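Alright, structures below, take your time with them.
Two complexes follow with chain A in common, the first pairing it with chain B and the second with chain C.
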Partner chain A sequence: MAEIIFWSLSAIALVFSFVVILAKNPVRSAIALIAVLLAFAGLYLILDSEFIAGVQILVYIGGITVLYMFVVSMMRLKRINVESQFSRQWLAAIISAIAFFVEVIYFILKGKDFFKMGMNSKIEVANGLGTVENVGKVLYGKYVLPFEIATVLLLAAIIGTVLLAKREKKEME
Partner chain B sequence: MLGDSLKLVNNILGIKDIAAFSPQIQLLIWGIAILLLSVFVKDKKSRMNISFYFSLLGVFFSGWSYIKLLRLEGIYDGEGIKFFNGIFKLDGITIFFYGIFLLAGLLTILLSKRFLEEESTFESEYYSLLLLSIMAMMCMAGSNDLIGIYISLEFMSISIYVLVGYLRKQLRSTEGAIKYFILGAFSSGLLLFGMSFIYGMGGTTNLTQLFRILTGGKSAISEPLLVLSMLLILAGMGFKVAAVPFHMWCPDAYEGAPTPITAFMSVAPKAAGFVIFIRLFFSLFKTITYEYVSVLALLSIITMTVGNVIAVKQTNIKRLLAYSSISHAGFILMGLLARNEFALKSIGMYILCYLFMNIGAFAIVIVMRRKNIIGEELDDYKGLIHTHPVMASFMTVFLLSLAGIPPTAGFVAKYFVFSTVIKEFLKSGDRLLLYVAVVGAINAVIALYYYFRIVKRMFMGEPTKESEEKVAVNFYSGLSIGIAFFFTLFIGVYAEPFIRFADLIGNSFRSLF
Partner chain C sequence: MSLYNFLYLSSIIFTLGVIGVLVRRNVLIVLMSIELMLNAVNLNLIVFSKLWGNVVGQVFTVFVITVAAAETAVGLAIVVAIYRHKDTVNIDEVNILKW
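After this line comes the complex of A and B, so read on.
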């Protein structure tokens, strides 16, 4: 069962990834991107990481893709439609993409001994590691300080955005 | 259930933890108070003054909590004290850099008032973000955890990006901010990539535990992966301290930023970057020697040389000082070559001296700025000795110090860094270290040339009509220049107390592990 879901989600992600780069209409690309991200959220769910799945939907679909849509709708669409969606460097891009792909495959197959990862971690994947409850406990427990710093970081980011974007009022004499 | 939760809260947030964090909390409170001011004080002029005093108060109270922390027992010996489940650590290094950040913040705030009046642009966010960025650097200095380091690094960077683009009506300010932002985001990616490899090998983000796992001599640690992550982190941090292949943002950001911010970011974020260098490279990558020394030696050589050689050609004084600050980063990197107590001390000493002399030089640039004359071109300094003799002689001292001429702080700084490298060379016999020292010495000569281009203009040039206009130095910028000037000379003449202050960081060498 899990396997069927895995393969079908992967297929969805792959197909829609192609739509993202091939679609002429940027709105269509953005919608296809949502489908890709949703499929990934499903894959995370299979891995028992419900938290990451939720964050994926909230942040990527709810935030980032909507941002894309804003940008797309603010630009003049007609001009973009005329332009080709491939840049002049497409040949080099394809070659380097294939090279990278081969590299990744090679390392997945052969790199096990060369790059030993995770061999020393004593932490075993406990049941329900990725649940919202456990993530919350870690976030508000062990990592409470970085969490709090992150809140101030967001404050600084908001202050900065307001500062850079707000309209100039009357100048001081 | 409720009892459990209360116990959990008590475990994670003891009053002791919050007390250890009080310098940062003070800055945060005053930073927010400055923002709230704009609700209550409508008049722009008085708001400008009140925010200025509030930010001074913020630094003052933060410094007060900092002095109280100094007396905390157990900071200076061995491991230091850990807070927040080992994520935050108070040791000599943290304490030393707290002092650096607070001093840099204080001098910058003092300089800002006149600059903002002259530019006739003021938003309360300026001081607020300045305080928040100091807070972020303090969090960075004490972080003993990869996540803590990363989050506070981002916090610091975001505050500084915005401050660089503060003069949003000027094209070059916006340009500098965007360049800094894009390259900074890219470098954070590299840094995070390297950190994720470390996490993958060690299975934890805590530096103390990671050190035990990574240097425990277990065969399971793959050397290539460790080297790879070291290089990625080196590249990521190289951006933050503007070491040479990663320095492209630096001149534009320095030129575009409001000059007090340029002074600030040429010192404080750089120092914060070097804390991360110390925390990661002195401990986690201790086992990698050959790659570390060769890569860092190369980085240091090209940083010094490129920074200096390009600086020779500059005609804008802010750009010139930007390139000079790049070359100074190269000198500090020299101190990182040997990973021992003395090296730590020499880095601390260099940053301490660099703080005063660099902010001092920028302070003169700020003061020289007048309404109808920008004061950023080298030619604006022609004949300064005739028109403003005090400013000219102060500037000369700062430039002499930056060049490393004896009775000034710069000499002490360079002395320590060079002797670190030479000592390490005598110990290990690695020729590369000798080359680094030789290149460093050559660079000191090149630096002397372009610093003296300014001095020559000031003393030999004929003043132009515009530059004869009086400079109105207000009390606060005068105070700032005075502090910088005093310490630049004082460290040069009698360095003993400052060396003892730098001993704080040298002595907590053991707390890195």
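After this line comes the complex of A and C, so read on.
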């Protein structure tokens, strides 16, 4: 059962990732991005991480993708659509990306012993791995300082966004 | 279903994100490709969290999602500023720092 769900979710993720990077219209890309993110949320559920799946749907789909939609709808798309979509260096870019991919696959194949080591040393946790309880205990226990730094980062991002997107005084008059 | 399949999937999606970043001219789609790459990394972290039975990988995924949200907000604000200033979203045309 989990096998079928995995294969169908990964097929969805792959197809819609291609749509994201190939679509002419940014609106289409944003919709495809939503599909990819939903498929990833499903994959997180297969891997026993319910909390992350929920956060994925709430933050990514509910927040980030909606932000993309807002910005896309502010641009005039007519002029964008007639221009060429791909930059001049596309051939070199694809070659280097494929070289990178081959390298990553090589590392995965080479590191199989490391994964086997992991299989044996599983630490058993009470009532599921990625429940809110387990994630919260670690997040607010050992990793509370990074958590606070993340909040400061978000504050800085809010201020920076407001400053960048604000009109300058001359423009307003 | 072995956990290797997840690793292969995430490396494919990451490569697609790299291609999107390097090849597309529309800066919005470049930002979306960065989201693809971040998601691939998240999937990796969660697979290893499951493999070792340790929840720390998921905690780091929460941090990655936080950084992704901050990055998107700032990135889109920059896009809006560029669009207002130069009336374009093509990254090829934004080259005033090039010498």
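Convention: the second predicted complex is superposed on the first by the 122 of 173 C-alpha atoms of A that agree within 3 Å, B and C clash if a C-alpha of one lies under 4 Å from a C-alpha of the other, contacts with A are read in each partner's own complex, and residues count from 1 in each chain.
By our rule, a contact is a pair of C-beta atoms (placed from the backbone, for glycine too) under 8 Å apart; a residue touches a chain by one contact, two chains touch by 3 or more.
Not measured: the values here are computed from a predicted model.
Within the superposed three-chain model, A:150 lies in touch with chain B and with chain C [touch as defined at top].
By the touch criterion stated above, A:49 is placed in contact with chain C alone, chain B being left untouched.
In the superposition on chain A, A:15 contacts neither chain B nor chain C. When chain A is checked against chain B and against chain C, the one touching more of its residues turns out to be C. In the superposition on chain A, A:135 makes contact with chain C only, not with chain B. After overlaying the two complexes on the shared chain, residue contacts for A:159 are found with chain B alone; chain C is out of touch. Shared-chain residue A:95: touches no atom of chain B or chain C. Legend: residue contacts after superposition of the two complexes on their common chain; A:66 is shown touching neither chain B nor chain C. In the overlay built on the shared chain, the residue A:29 is in contact with chain C alone; chain B does not reach it. Common to the chain B and chain C interfaces on chain A are residues 115, 118-119, 121-123, 142-143, 146, 150, 153, 156-157, 160, 162, 164.
The part of chain C that touches chain A in the complex is made up of residues 1, 3-9, 11-20, 22-26, 28-29, 31-33, 35-36, 39, 42-43, 46-56, 58-59, 61-63, 65-74, 76-81, 83-84, 89-92. Of all residues in chain A, only 114-123, 140-146, 149-150, 152-153, 155-157, 159-160, 162-164, 168, 171-173 touch chain B in the complex they form. Every residue of chain B that touches chain A in the complex is listed here, in rising order: 8, 11-13, 17, 21, 28, 35, 44-45, 48, 83-85, 87-88, 120-123, 125, 128-129, 132-133, 135-136, 139, 145, 147-148, 151-152, 154-155, 158-159, 161-162, 165-166, 168-169, 200-204, 213, 216, 218, 220-222, 224-225.
Residue ranges of chain A in contact with chain C, taken from their complex: 2-3, 6, 10, 13-14, 17-18, 20-21, 23, 26, 29-30, 33, 36-37, 40, 43-44, 47-49, 51-52, 55-56, 59-60, 63-64, 67-68, 71-72, 74-75, 80, 83-90, 93-94, 96-98, 100-101, 104-105, 108, 112, 115, 118-119, 121-125, 129-130, 134-135, 138-139, 142-143, 146-147, 150, 153-154, 156-158, 160-162, 164-165, 167.
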